[in-house]
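Next up, some structures in structure tokens.
Paired with chain B in one complex and with chain C in the other, chain A is shared by the two complexes that follow.
This part shows the complex of A and B:
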């Protein structure tokens, strides 16, 4: 082995070990566990495809998967649009720009537990602020996160997630906007283009790789969202109609101690996310513009 | 394309990493032998008060010193200087999350406590030491309440109580006086309670909305649907704890009345109301409700702290509608010894438990007001303590005469999680009691069948 190779390998060794121990092994191990019954106390018992067949046939899984899809369908576009609009506003010459940026980023660093207390107050049926406003305007109050209509309950949580995650996406898009060459914008302005046209025809196409990246990240974060559900729902009394796959995994693994079905559900979710990500990449060429 | 597929794989793999727990294969090779008798493992050695061999005993304290009095731990350390203590304390939720992986990895504390149902599960899986031989060797059963054996399954005892937490009927004396209604007595039935609640329910400011409710009916298991299902002689599970009952006529009557308190009689606030206000006990403390089924721990730790001027007391849980039977649900936290601990550590852990169960220490437990001791001498002592509720016999005698567990078995968490959402729907008026109970019976039976491999 050449000396330079040796030192190179030595320097990347901690990363390789970390990846092997904390990524490769758990992923492969959970794959193995998905074919077993394992209660974490006794040795795993191989059960073949039982967990996979049971999960596939379980209506609760498909309901929770529908909920995740719906959650992502609301969360991803809303977060991207809001982040894009706010980033564009903060990219203008306005006063207190730093203060506004900090305000929009603040939810991102707020712990979910604290955020959930505020949102439970906002969403409360009897004493919640939203229902108070609705009733003041002559409307009926509504149940939100605790609604028996799944699309209202999951939609309420998707909005919360937008509030929490928008700041980070906004920062990424803002930095992309700041790298748009000023000359192009100035040339367009000289040619008589308005702000809306510049945003639509210059800014958005030029930052489209970043928009694409944030959409991929948002999609993954929507499918792996956990804290928002754990803090807002009570896992011990959550009806199937409002459940999501990650809470099912958590419940199976850490409340029931059934690691086999939990690993199966996690792998099924992994496969689904993989398919969706591949589809997203397929459509990438249609609207993402790379410089080269 | 290939490159993109690889990057997509990496990204999705990272997603799985975010949600996947890292399991350890450690400890897989040996089935824990919780049923191994203590006699086999050296329990018959004479246990001396002062341990002659230095051991380090790891004690797990979920909830830290908020739940277990520090004075007890320090007292033990002073009395047994040869047993070094290594305290593993964490907030309750964090502790219960990490303990399963610690057990799997063989790194759990030598002794800790958790909900009784969880300990029964550990016993079934072989992670808890059977304490029956220790109890037979060292304890005089006559000195203890029957709750000493709350964690008994067959001939095995998987733990001993950290403390009991039964329920009683709490009432607000001022609201009863204002309404001119006589205080509840130990002879009240559920019928008497409902009738009194109707008289106590009032719209005090005349705006058409109820301001004071006669009763605060909980939606949960311990102080909610479980006692109510028994109120007409019904049952959740049968005596074997392997079969769901739920939808028999008696259970249906009990649950119908439970839901009626909210939806028909309107003598109790809706579930959403007390959830938003912080729970049934908070609503009771605020003076919005005249009666509530109150767990013992909530009296001293919540009501006496947050509402020091609240004028309340307790009586025993009401008798069933027919005036015959009374049941008092009792939730225990249970100490257990890890079956994989070293033999000398198991003996040190048992020494700690004997110390914990001694009258002196049990009196410290009683003084905390957060839990009911199991030692009879300490129970008598507790009845004379001067903090509210003054009538502590509602709890001590109530649980002694009619105490029951919540039909706990090895899959308790699983079946009650299947049942609770439907009970919520029944209480919220979204499902009628009859079809709701049928649905519950079916789901719970499926869980039981799976866990008992029927």
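This part shows the complex of A and C:
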């Protein structure tokens, strides 16, 4: 490492320009816009706290917020549990490990817009594979993503999101499990501990920081999920009961041209994410095991 | 011993069943893309298409201009690859090998860019491109790649930090300037990092839907994701699910191929970017 302002700044110059233009300015400007009325063509008009108060009072916002919470409440635990179970199985002496891992990871690399077309077909009422299987088992078919009930519609999307995201969490947890020292596991085995006991008493506590991290990452990804909603729902005719905050931001800004309220909503979403991350951190101390 | 064998068989059954469930959407899209129009909507469903037809692919590639969109997607992705690798190597090298004013603040800013939801910066960024007169061009999808990207900077920074400074010092004595040292000595040594970044960038840029949705307006500029998103607007596709399935297959195939051939890089990079993100 050498001290050189000239060469150092020259090398990071692309980043300085990029961050100034595409991060620092947009963040500050969007904060300002949230206190104005702006259509992007005429100069912004300062309106004080109006957008914030309106958004706060708007039932549509709270419904969207409830939907995101519900989406995260289904998606995060399911994804974490499935990923833990599969990772633990792949951590045993198993053949075709690479093949299995690839299968679980595959949805993660494909674009939502392609996945959504297939899922809409799978979830279809008349000709969908899922309803066909349900009906041949003697159940009744149901509407899923296009259901009248918000919790069915949002829930169907949360399940799809587990399909899409599980592989990534699984791979992170698997590599954490593989870094658990073998000596500890061997020592426990010679002392007579069974596989289940080793998983509960050694593996889980040792990888708990990683489990926690993946849960924070999944929660953030649930709150910022956009593509899955955009591709599964019709933005132009989406009823309030199925809306989420991210789609609201997009709609307000690029369909209704109301940049002020849109920026306010985006900032409210960001603040909510921060609060939830802080709360999760508080819980972290209770059950995450850290080595000193 | 016996119970261990039983357990292993149980693991194989669960793992295979799970993998099959993960793959159902892929098998289903492929199967339906190859069906004739009357065989797509059938109860009970036809699992293996009979007869097999490539008609849906022909329609989507020619009549619905997916061939054009495919070209556009590759065009955008190639520039993203070049831009991201070059700029991230430069910036990563700068962070790894030099001390300079403001380094700490810049590094913190880099981590902050990973945490801010895109929705917060979306409107001002759109405003910048519209003021610059670059709406409905590929530039908003390409130019930012040349200005460094946090995951890439982070990967190169880690990599170059772990390489000995002696390399640098001796090349300097031989009269190389720092730029040449990066391009001729360090970059060739960081091929695995480069590969990881190339794969991550390929997949990220290929799957980008938000960017094209905001910035591309005329159909002849659409990328595949945008073509697929608006496919319902075409009467041919709306009337035949098979055509939409063929469109999905064309959109997914390149990323799946890239993933299958580069698994080790992809999984590696994903972990380190995920962990620090």
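Here is the rule we use: the second predicted complex is superposed on the first by the 272 of 292 C-alpha atoms of A that agree within 3 Å, B and C clash if a C-alpha of one lies under 4 Å from a C-alpha of the other, contacts with A are read in each partner's own complex, and residues count from 1 in each chain.
As a convention for this text, a residue touches a chain if its C-beta (ideal position, glycine included) is under 8 Å from a C-beta of that chain, and two chains touch if they have at least 3 such contacts.
What you see is a predicted model, and the numbers here were worked out from it, not measured in a lab.
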{"item": "Clash or fit, chain B versus chain C on superposed chain A", "value": "clash"}
{"item": "Partner chain in contact with A:16 - chain B first, chain C second, else both or neither", "value": "second"}
{"item": "Chain B versus chain C as contact partner of A:125, first or second or both or neither", "value": "first"}
{"item": "Touched partner set for A:29, first chain B, second chain C, both or neither", "value": "both"}
{"item": "Which of chain B and chain C A:42 touches, first, second, both or neither", "value": "first"}
{"item": "Contacts of A:184 with chain B and chain C, given as first, second, both or neither", "value": "neither"}
{"item": "First, second, both or neither for A:148, with chain B first and chain C second", "value": "first"}
{"item": "Partner chain(s) touched by A:246 [first = chain B, second = chain C, both, neither]", "value": "both"}
{"item": "Residues of chain A touched, compared between chain B and chain C (which is higher)", "value": "C"}
{"item": "Partner chain(s) touched by A:197 [first = chain B, second = chain C, both, neither]", "value": "neither"}
{"item": "Partner chain in contact with A:81 - chain B first, chain C second, else both or neither", "value": "neither"}
{"item": "Chain B/chain C common contact set on chain A", "value": "22-23, 26-27, 29-30, 33, 40, 126-127, 220, 223-224, 226, 246, 249, 253-254, 259, 263, 266-267, 269-270, 273"}
{"item": "Complex interface listing, chain A residues touching chain B", "value": "22-23, 26-27, 29-30, 33, 39-44, 120, 124-128, 143, 146, 148, 216, 220, 223-224, 226, 235-240, 246, 249, 251, 253-257, 259, 263, 266-267, 269-270, 273-274, 277-278, 281"}
{"item": "Chain A-facing residues of chain C, complex", "value": "7-8, 11-12, 14-15, 18-19, 22-26, 28-29, 32, 40-45, 87, 90-91, 93-95, 97-103, 106, 109-110, 112-113, 115-128, 130, 144, 146-148, 153, 165, 178, 182, 203, 206-207, 209-210, 213-214, 225, 228-229, 231, 241, 244-245, 247-249, 251-252, 255-256, 258-260, 263, 266-267, 270-271, 274-275, 277"}
{"item": "Residue numbers on chain B that touch chain A, as the complex places them", "value": "4-5, 8-9, 11-23, 25, 27-29, 31-32, 97, 100-101, 103-104, 121-122, 125-127, 270, 272-273, 275-277, 411, 413-414, 416-417, 420-422, 424-425, 428, 430"}
{"item": "Interface residues, chain A side, partner chain C - complex", "value": "1-5, 7-12, 14-19, 21-27, 29-30, 33, 40, 82, 85-86, 89-90, 92-94, 98-107, 109-115, 117-119, 121-122, 126-127, 129, 132, 136, 163, 166-168, 171-172, 175, 195, 213-214, 217, 220, 223-224, 226-227, 230-231, 246, 249-250, 253-254, 259, 262-263, 265-267, 269-270, 273"}
